[in-house]
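Both of the next two complexes hold chain A, though its partner changes from chain B to chain C.
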Partner chain A sequence: MSLFVAAFGFGLVSMSVIAIAAVGFTMQFGITNMINLAYGEVMISSAYVAYYLNKAGISIWIGMVVGALFGAAFSFLLNRIVYAPFQRKGTSYLGMVIVSLAISLMMANLLLPIVGYYSVSYQEGTGGLIRLGAIILTTNQILIIGIAVVVMLLIHGLLKYTRLGKAMRATSANPTLARNCGIPTQRVVDAVWLITGALCGLAGVVAALNSDSFAIANGAAFLITILAAAVLGGAGQPYGAMIGAVLIGLITELSAAAWSPEYKEVVAFGVLVLVMVLRPQGLLAKRGAMAAAG
Partner chain B sequence: MRGFERYKVVSAVGALVLFVACGGGSSSSGSGLGSGALLVGVIAPFTGVDAALGPAYYAACLAAAPSINNNGGVGGRQVSCQQFDTRGEPADAVPAANQMIASNSNLMAVVGCTSDEAATVAPIINLHHIPMFCMTGQTEFNKTTLPYFHRLVPADIFDAYAMVGSALYGPGHAPYKRAALVFGNDIGSQAFVAPATNAFTKLGGTIVINQPITLGASSYRTEVAAMLATKPDVILTEALGSAGTYLKEVKTQNGGQMIPFIGTSATIDPTWFQQVRDAIGVADLTKYYGGVDLGYSFSGPAYTEFQTNLNAAASTFADAPKYKQRGSTLHLYDGIIMTALAMVATNSADPTVYNPKIKDIANGTSGATVVNTYKDGVAAIKAGKSIRFVGAGGENNFDKYNNSQSGYIWVTYDNQGNEVKVGQMTPQQTQDISAAGGI
Partner chain C sequence: MNSYYAINLLIYAGVDIIACLALNLQFGVAGIVNFSFIVFQAVGAYTAAVLSMPPDTAPDYSFQIYVGGLQLPFPIPWIGGAIAGGLLAVPVGFVVLRKLRSDYQAIALLVLSVIANTVITNARPFLNGAAGLALVPAPLADLFDPATYGYFYVGLTAVCTALVALVAFRIVNSPYGRTLRAMREHEVAATAIGKNPVALKMTIFIVGGVIAGLSGGILTGYITFWAPSVWLYPETIILFAAVIVGGRGNNLGAVLGALLVPVGFEEVTRFIPSSIGPPGLIPALQWVAIGLLIIGFLWFRPEGVRPEPRRVFEGAPD
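On to the complex of A and B.
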């Protein structure tokens, strides 16, 4: 029993990491109609930016901020230079998916000779152990959960209570109508790429810190989990992605405790398949913050 | 296009991601060595979770090529090396092998083919009559019927026995009685589990947990909690690519205290050392790690030439010098040299002619002259002598299935990542473990 309680605690950490990444991913899709398969590579690139800073003696917590800024800038430029021109030419959804897949592969292969194929670690202590009954977490893991909670609250506040958030929702619902109503949709889209890029960069550093050891190959692995959470919750729905992250994070850890750990991802993706069969639009589609009015 | 159609695209991408998650021989005539460049294909994972394997084999080729080219080439033909990335996935390995063969009619040999892809690519390479030197320990190759397949390392089963030997008889500790098996859930890693379990339990030990782990996972917290709950004395592991993450978690959850861990010969690797050192610290790595390896001397004329060339290869591949003590790098270097010597000895670029000669050159025939370098080998052949090549990796002894093996030693690392021998199994211990394991 204590193993399940411990696994629940570990699941909280996993879901926190997934949530930060999945919310950024799903917002990109919800507002810009872009399924960005290069998201995992931007994450791992940001993780490496923080790694090199950390290697130079800078605290990983500062590296995390820089990683987020890098993710924001890189994602913004990626959209402006690559994705937006294709979208202006009327490239189909599927075509854009292929473009992003190409970008992902290019990034992975360009990064390989720069960062190497081997795993690296941040030079940062894990902090002290904190025991809450059978739950054992390090200080860093508690901080990761805290960061995720703060980020989720900020996203909620942004979407619900700010003009930019309302403009995002309007752009998501109907960009033409939003533009006709005077909303500067291009600036909104730019803001979305900056914000979601920052979430992507932050998630990359948090995920790398959480893993203790990471390599270039982790970019693709990150993406699979993020997509699973986003699709499970309802593509384009930030609150859905949060719920998806909770489910994926907890299921993977609890199933590792219940059965052989080699099946933990099988169980998580099995749940995803089940949800897609029973509710193809995801758990929260048409009900979340990004849903069209009415 | 919005609404339902958009969800269809998302569903299609989701399905694609799920799918991903669940995750010609030589054209030479047969007589004479021909002309034009020769190619050694390095088919191995260069990306993916086992991406650390391919570079070790590529380094071997980069070291071997100048040994041949600087000494007249193969009848004047220069040898070069090319990577073919399998991503460590059989599904990606097959097209990589086909592409390698279809677009290169000058392949003299293929090296690499790890356990990740050997089962799928070896038959293809064999079909095209290209000699191959594979770094797989899979049991299915113990009695292979593929005549172009060569293996210069023992089957994984012997690696497993050496690990059990280290746990039971290794120096500097009382016999470990409770072992946790932590291996990746890939084909290659799982090959260690059954023989290790058989040998360890029949010699009085207990396998407290057998934990196949998903390589490349972002964390192993629950797995480590479950493993620690069984209170093992020692962890037997491979888990390439994920060792740093797993072992750091062991240290964290165990209150900063490591548990002794014994790695396979594949853990004698500079990238593995760096990964684990960065994760748990060099002090704990050198204190708690034990490994097994084949008994290399790391000296002699063959090794000197190998190391010289490896250092020179840094201009092409900066990490090449790091592989100076990587067993597979030494062996594949020898394999390429032996192939070139076989071509010279048979005066043929036709692999159906020179392939059988590789075994003669490795094992030597009665009265053969022992040579250690390509230059000396060519000179001896031209003097009309039969030769036995003893290279950087030491003597080879191919059996009728083209499997070659030698004895194991127990090793650890020093602070710089150099291999340090700490002991060796006695013949009696080897016999006991082999008998217990079922061989």
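On to the complex of A and C.
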């Protein structure tokens, strides 16, 4: 029994990591209509940026901020240089999925000769252990949970209480109507790529910090977990992604305790399949996987 | 150029042409972005392997563990591989093709491809895990002198390629192919005139699965080996690059793409000395080039080298 309580503790950390990543992913999709399959690779690139800073003796918490900035700048440029021109050209949704997959493949293979095949890890003490009954977490893990809670509150504040958030929701609901009402949708989309890119970079560093070591190959595994959380909550729905992250985080960690940690992604995939069969629109979405594109 | 090199090239060309024709039917003609295509090839390869291999208790085979080991005579393993590819398409199609929007279909299939590889790698007792199956018997090897066997295998591959090409051309030019194109162009309109898009997609998904399974059987019979490392998801992207470069929806384009991309790339980069740069640089750059090829073609020439012919009713106004 205490094994499962401990797994619940790890689940809290997992869901925090997944939530940061999945909210960014789902906002990209919801507002810019772009299923960005290069998301996992941007995460891992940011993790490496923080790794090299860390190796040069800089604290990982500063590395985290720089990783987030890198993710923001990279995602913004990726959209400006590749995705936006293709979208303006009228490339179909499917075409865009293929483009982003090609980008993901290129990124992974451009990184490979630079960072090498081997797994690396941050030079950072894990901090002391903190015990809450059977739940044992490191100080770093507690901090990760704290970061996730703060980020989620900030996203909530952004979407509900700022003009930019209102403009984002309007652009997500109907871009043409939003533009006709005088919302500068182009600038809104730029802001979305910067914000979600920062979330992506932050999530990459946090995920790498939480795991013992990381390598290029982790990008695909990140992506699968994020897709599962985002689709479970209803793609394009930030709050759905938060709920999806909570469920996927708990389910994967509990299954790892009950069964085998090698199958974490497989369990996430099982959840994804169940959702796609039973409720393709996701838990929260009004328009989801079933609605016609556009 | 020695004959071994030529034989190798011809067999790989045949397998790639078969795979590209199947992917062209699904992606080019019907518009299904099957990112797990390589899984269907893998299922065919594994099935053909375990049907033709002796049980894993046999003396020479006891270093690996796998299910099956039926030692069936030649055409049966290949037929079994093709059937397995088709059978796998049924549940996958049932989950993916019924309700989901097309871009969700694509990501679901991509995830399936990654996960299937993870499962087979980790579940060793099933198909020998990451090490894969070795010593797969070559079909009818005992009837031939090893020196001439390569020529026989080229002939066998050529016959299969011709059969698949015949099927692909017949499908594209049939009323069924026309309906598929109508669905691809405007699914709602096709539904409105009484076509059932789910049934149309399911059938072409199964046909593609059968052909992919056959290509896997041919490949594993030749290389006598099959492991998770040869069917990672990027392998599917190479085939997509081939179909996009050749011309989506055009069978001749798919054949041309197969010769240009998987075959051509492999042959051209063979002449680059591998000592340049850090280890793994050349294969990594090869993948980068595949990505650039896809993006470049989608930007500059999305219809490919040989565009799909525009089929216009003769009486139509312009």
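The working rule: the second predicted complex is superposed on the first by the 277 of 294 C-alpha atoms of A that agree within 3 Å, B and C clash if a C-alpha of one lies under 4 Å from a C-alpha of the other, contacts with A are read in each partner's own complex, and residues count from 1 in each chain.
The rule is short, and it goes like this: contacts are C-beta pairs under 8 Å (C-beta built on N, C-alpha and C of every residue); 3 or more make two chains touch, one makes a residue touch a chain.
Given the structure is predicted, the values throughout are model-derived calculations rather than measurements.
In the overlay built on the shared chain, the residue A:I103 is in contact with chain C alone; chain B does not reach it.
In the superposed model, A:L94 lies in contact with both chain B and chain C. A count of residues in chain A touched by chain B and by chain C gives the higher number to B. In the overlay built on the shared chain, the residue A:F269 is in contact with chain B and with chain C.
Contact with chain C, but none with chain B, is seen for A:V277 once the two complexes are overlaid on the shared chain. Of the two partner chains placed around the shared chain by superposition, chain B and chain C are both touched by A:L112. Of the two partner chains, chain B is the only one that A:D212 touches; chain C does not reach it. Of the two partner chains placed around the shared chain by superposition, neither chain B nor chain C is touched by A:A56. When both complexes are overlaid on chain A, the residue A:I81 reaches neither chain B nor chain C.
When the shared chain is aligned, chain B and chain C each come close enough to touch A:V231. In the superposition on chain A, the residues of chain A touched by chain B in one structure and by chain C in the other are 35, 37, 93-94, 97, 108-109, 112, 116-117, 224, 227-228, 231, 235, 260, 262, 265-266, 269, 272-273, 276, 280. In the complex of the two chains, the chain B residues touching chain A come out as 1-2, 5-7, 9-14, 17-18, 20-22, 46-49, 51-52, 54-55, 185, 211-214, 216-223, 225-226, 229, 241-245, 248-249, 252-253, 255, 271, 274-275, 278-279, 319. Those residues of chain A whose C-beta lies close enough to touch chain C in the complex are 35, 37, 82, 85-86, 89, 91, 93-99, 101-103, 105-106, 108-110, 112-113, 116-117, 220, 224, 227-228, 231, 235, 260, 262-263, 265-266, 269, 272-273, 276-277, 280, 289-293.
The touching residues of chain C, when paired with chain A in their complex, are 31, 33, 35, 95-96, 99-104, 106-108, 110-112, 114-115, 118-119, 122, 188, 233-234, 237, 240, 244, 277-278, 280-281, 284-285, 287-288, 290-292, 294-295, 298-299, 302. Considering their complex, residues 3, 6-7, 10, 13-14, 17, 29, 33, 35, 37, 92-94, 97, 108-109, 112, 116-121, 123, 126, 129, 136, 138, 207, 210-218, 221-225, 227-228, 231, 235-236, 253-254, 256-257, 260-262, 264-266, 269, 272-273, 276, 280-281, 285 of chain A touch chain B.
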